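We call the chains A, B, C, D and E, going by the order they appear; numbering starts again at 1 in every chain.
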Amino acid sequence: MTGNDLQPAGSLPPHVGDVVLRAREIEKYFGHNHVLRGVNLDVRQREAVMIIGRSGSGKTTFLRCLNFLEEPTVGWVEIDGVRADANPLGARDRGHRERVRRLRLNAGMVFQEFNLFPHMTALGNCTEAPMRVRGLDRRRAEELADRFLAKVGLADKRNEYPSRLSGGQKQRVAIARALCMEPRVLLFDEPTSALDPELIGEVLQVMEELAHEGATMIVVTHEMHFAREAADRVIFMEEGIVCEEGPPEQVLNAPEDERTRRFLRRFLNVE
Amino acid sequence: MTGNDLQPAGSLPPHVGDVVLRAREIEKYFGHNHVLRGVNLDVRQREAVMIIGRSGSGKTTFLRCLNFLEEPTVGWVEIDGVRADANPLGARDRGHRERVRRLRLNAGMVFQEFNLFPHMTALGNCTEAPMRVRGLDRRRAEELADRFLAKVGLADKRNEYPSRLSGGQKQRVAIARALCMEPRVLLFDEPTSALDPELIGEVLQVMEELAHEGATMIVVTHEMHFAREAADRVIFMEEGIVCEEGPPEQVLNAPEDERTRRFLRRFLNVE
Amino acid sequence: QGGGGSASPTATTGSATSGAASGSAGNPNDLLAKIKQAGVIRVSTDPNYAPQSFQKPDGTFEGFDIDVANEVAKRLGVTVKFITPDFSAVQSGGWAARWDMSVGSMTITEPRKKVLDFTEPYYFTPAQMSASKKSGITTLDGLAGKKICVGEQTTYQFWLEGTLKLGDGSSTAPVPQGAKVTTLKTDQDCAQSLKSGRSDFEGWLSSSSTVDDAIKAGTPVVKVGTPVFYEPLGVAFDNKGAPPHSELLAAVKKIIQEMHADGTLTTLSKKWFNGADLTTKS
Amino acid sequence: MTSAEIPASGSGPIVERIAAARRTARRLWRLEFALVWLALVLGIVWVLAATGNVDLEFVQTWTPFILGGVGFTLLVCVSSIIGAVVLALLGALGRLSANPLINGLASFYVSLVRGTPLLVQIYFVYYGLPQVGIILDALPAGILALSFNYGAYMTEIFRAGIQAVPRGQQEAAEALGMPSRLVFRRVILPQAFRIVIPAIGNEFIAMIKDSSLVSIIGLQEILWRAGTAGRPILKTIPAFLIAALFYWVLTIIFSFFQERLERRLARSDVR
Amino acid sequence: MTSAEIPASGSGPIVERIAAARRTARRLWRLEFALVWLALVLGIVWVLAATGNVDLEFVQTWTPFILGGVGFTLLVCVSSIIGAVVLALLGALGRLSANPLINGLASFYVSLVRGTPLLVQIYFVYYGLPQVGIILDALPAGILALSFNYGAYMTEIFRAGIQAVPRGQQEAAEALGMPSRLVFRRVILPQAFRIVIPAIGNEFIAMIKDSSLVSIIGLQEILWRAGTAGRPILKTIPAFLIAALFYWVLTIIFSFFQERLERRLARSDVR
């Protein structure tokens, strides 16, 4: 292992294990816009990390840098022993692309807009990558898919096309699709913000279960209630850096940083 | 006036005036789907009515029936003395269309998705209908528009095109656009649900001000906090009928109807 | 098809066959040998020109050119396969061996002789001037200063423009003073234009048989004057075609001479051109 | 019919009465529509007959001959459209390639072929290529020229189709660790195909008529046969009318199937 | 270039170094791209020269004559495109009309004209209409036929464009009390126009070449002049090449302006 482990602020919950994801000194420029200014993160097994912060603070960008959907300008990411370095001009560098691809195998991503494949059924969405990337045969891939579809409560929708699912159901299929790759870490970007209030419950419930069952996950969210209940650690970002970090009780109830306090005040006002 | 006034449940707040909007026995079928099953509503001047209810209960459909964007199957609506009757096959009936058009002049609508005209500036959006429908000359229309744009805090954005405005700014322009027709009643359909949490505050603030200044408005909303603070009356709909109706403290804190209780429980759980 | 074949004496056919046989003894690479081996000669034709070449409703070809081609093939001991490329491609040479011979009433002109090899003329078409009835013109001189319609890129157009050089060196009548040229896609389009009731031009120049047919079909025109020139029309070969074709050329030249001599061509001409013998200029 | 009567008259539930009235109205509409077409067709036939362009004897004699070109036209079109789709796929990949060599080749092809007339291209393939030793028969030459020509136009259609697949689809596939070839083949292409089907249908209809240009190299398709039949006897107009009728019928038949296909795809295409 | 060097070498802030590297790479890309085109053009010229198709004397003598057709082609195209746009607007309105008479007329027009070859239509206008007493000169006849033909295709483009304007735009305008004519003229049409500009550009490019068909009625446009110049001296291929070059240049010039227009519109078109 290359990186020296970071000492997380506050004590660790007892159920967490070894570090599975390391991100070091992640910086990201969009043109001259310095969006991430050196972010470090260690995530341990079975840990649920929630990232909060105001709009434009760089939360989404950071999450996308973790699996290189956005190429960081500086820094590196290591997931389960696969490390990829920032390579801002590496679009045509085959070695880099292959490293990134292997890194992604261990990082399941659930998008805000679901991004299900509309031409495949729920089952097809879940078996496509396991069969073609992990090389499972159809029978085993379908077993796996059925197991995870059942876990998110959609066993009976396995043969539906996405166009016939509700928003909450779509988001749950997206979660199942990510789970079917059996990744070490799950990345969620505001998984409920495209849903209407009725559907949010469905998805949050599944995520809470995942957290309690010990999935390792990093979640960008605006749902403070959810963060309070399901997070092992909350990270507050502002202008591309981590301002405050610690157990939810501490960050959400007794923030030390002035900016965190201001943010939470504004936020709770609206709700 | 045709309709006998309904007796609203609970006592009326002191600031309200005469009835300006009457809707009687509104029923609506989509094909065989009976979405509204006879809804009655009287709204008095300076009253702020909020409609809540679960997804699919018919809130949007009812609001759209009020200004005939959706043609009701049965019933009638009267706004400020202009009455239009349900005429489900009246698409080619000129008299009906003209009546509906006059009725709409007194009912400003603010859409969930803003629906600003992308090829006109904020000012253009606000002056278009006053000039061409109300027949104001350009100077007077612009005066009016500037006044309302200032009211929603966008005096400096008058010459911007919608594509260069944030979501909250767009929604506020949409409110100013509706205000420029100086309608008797304002209809809002979930005016904040297309906005991200940061932008919701902007819009709710403007609406709260409008309510306090005595605008007559009907708002479909999921923002319970907002309903509690700004509503004179809250209506709970379920399966196309009004289940419960009354001052916000009563409906939201001590609902009588079992369905309302269940809804509020679910809802507050999520938040 | 083509009753012309039966009109030819059997003896002539026999002698031609023997002549061709001696040719094949010559160069086995010559086009002639290849054609004989295949038993088929590919002949280009443009079936837009009755009575020289047109199609029957069943798709088979008929007309004067068709009969001539069939007779030539018969005397070579082979059968004909007709091909219908655009005329402009036939006259420009460079056939890429897609067809072997053109029996398409092609006027022998000096420029064409640079890219094509011609036989002697197998007949001559009189170029007949006509005038629309509406114009009231009845003489060639009456067309001075008037508009005359011709098919695009025809010898008629070149004559009107003063650039026509006939390959047999024969002379042509003088062009009416100040006549202006109007072109349409084909000769028939000129007739179609008049028949539709248009009056974009007063005169029309085409072959006498085309003019006759148009008059028969009700086109409001009258013939004016005698033919302004006689086009010599020959059988043509691509002169830079890949397989050498000198033996084929010689054989066909000989056959055309024989057909002139034994009256076959005269018979065919009379059959197709309302009894007129166009095998000589007269 | 005036719509006011409908809800009042008749018996049974209102929804049935409205549905019945709608059905009647729709049937009436279709009838009127059909009558307009009928009247127009008859009008055209009448004018043609009155001007002596409908010559029954000519029609009887020559229709089979002209009809003989239909098979030919279809053979040319179907082969060419297949060729064009293959070329267009390669072209679109090239136009989207990051490799300047491939991109340059593809965009040169599109520019050159779209920039020059089909007639010249056909002429060139048939009469020009032999100069460099490539001698093609008329049929393959015609198909080749049409394929290249339509391939260039369809390259742009495919490119637009591929670009219209939402970016999130690619990201979702990449996040699952799929290599780029697989992403293209399994995720992008199937969705792009659905998008471009209507445009490809249009091209096919256009090609049915453009294919008449191959007559310049001696292919006896419909229009050429019509000209040949009509010209020598100065009946070009009746002959062309027969040809036009065949083309029209062909496109109507084809449009019918195209619409059905589109509607089928549209059903499962809703995202 | 391998990308690993870039961030390491050079001085100044990393963002400058990356930007510089990107610029270099982009410049190199453009250079390679331009070289590919240059090589292809030279290659074509070389092959043509080698096969004796570039005859400088012929080019010198005849280019001015063929060039004389450019003005003619442009005159025909520009007039026709204007006529086509007018017809297409009327056609699209008709195709969207609820009136069966108008709808029937419009759809008949589209079906008939799209279903038959342009060549036949030109022929018919020139030789057929005189039979009913309408005698047009070649130029107006050609423009009329082209206008009708392209008008039919563009009807469908306009219809799609109008239908692509989001439904919410119409509802917003109606809710402001605008009568339907005003809604169409002020809200729908301006937005539809922006949507269809690229498609209209394509049609114009196609028309530049299709206009060569008007030579059938003796109009001396580019291709006809090329044929006239080349045929008597048996140089059809060189003549056609000159014509093709003119067409190509015309479309390149036109495409350039079209792309600029599209880019300008795209900027303000973001909703």
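For the reader, a short list of remarks on this structure follows.
Basically, a contact is a pair of C-beta atoms (placed from the backbone, for glycine too) under 8 Å apart; a residue touches a chain by one contact, two chains touch by 3 or more.
It should be emphasised that the depicted structure is a prediction, and the values quoted were computed from it without experimental measurement.
Looking at chain B and chain E, the chains in contact with each of them are A, D. Among the other chains, the CA centroid farthest from that of chain A is the one of C.
Mean C-alpha positions place chain A and chain E at a centre distance of 48 Å. Our note on geometry: chain D versus chain E, Cα centroid distance of 18 Å, whole angstroms. A separation of 40 Å divides the Cα centre of chain C from that of chain D.
Shared interface positions of chain B, defined as residues touching 2 or more other chains, are 92.
Counting only residues that touch two or more partner chains, chain C has 89, 92, 189, 192, 196. For chain D, the set of residues that touch two or more other chains comprises 123, 127, 131, 236-237. Chain pairs that touch, as defined above: A-B, A-D, A-E, B-D, B-E, C-D, C-E, D-E.
If you check the complex, the residues on chain B that touch chain A are 54-55, 193, 196-198, 200-201, 204, 222, 225, 266-267, 269-271. Here chain A touches chain D in the complex through residues 67, 69, 91-92, 97, 101-102, 104-105, 107-109, 111, 113, 115-119, 128-129, 132-133, 161-163, 177-178, 181, going by the rule given at the top. Across the complex, chain C meets chain E through its residues 88-89, 91-93, 111-112, 114-115, 152-153, 158, 163, 182-185, 189, 192-193, 196-200. Interface of chain B with chain D (complex): residues 27, 29, 31-32, 34, 73-74, 86-90, 92-93, 96. Interface residues of chain E, counted against chain B in their complex, comprise 98, 166, 168-169, 171-180, 182, 186-187, 190-191, 194, 268-271.
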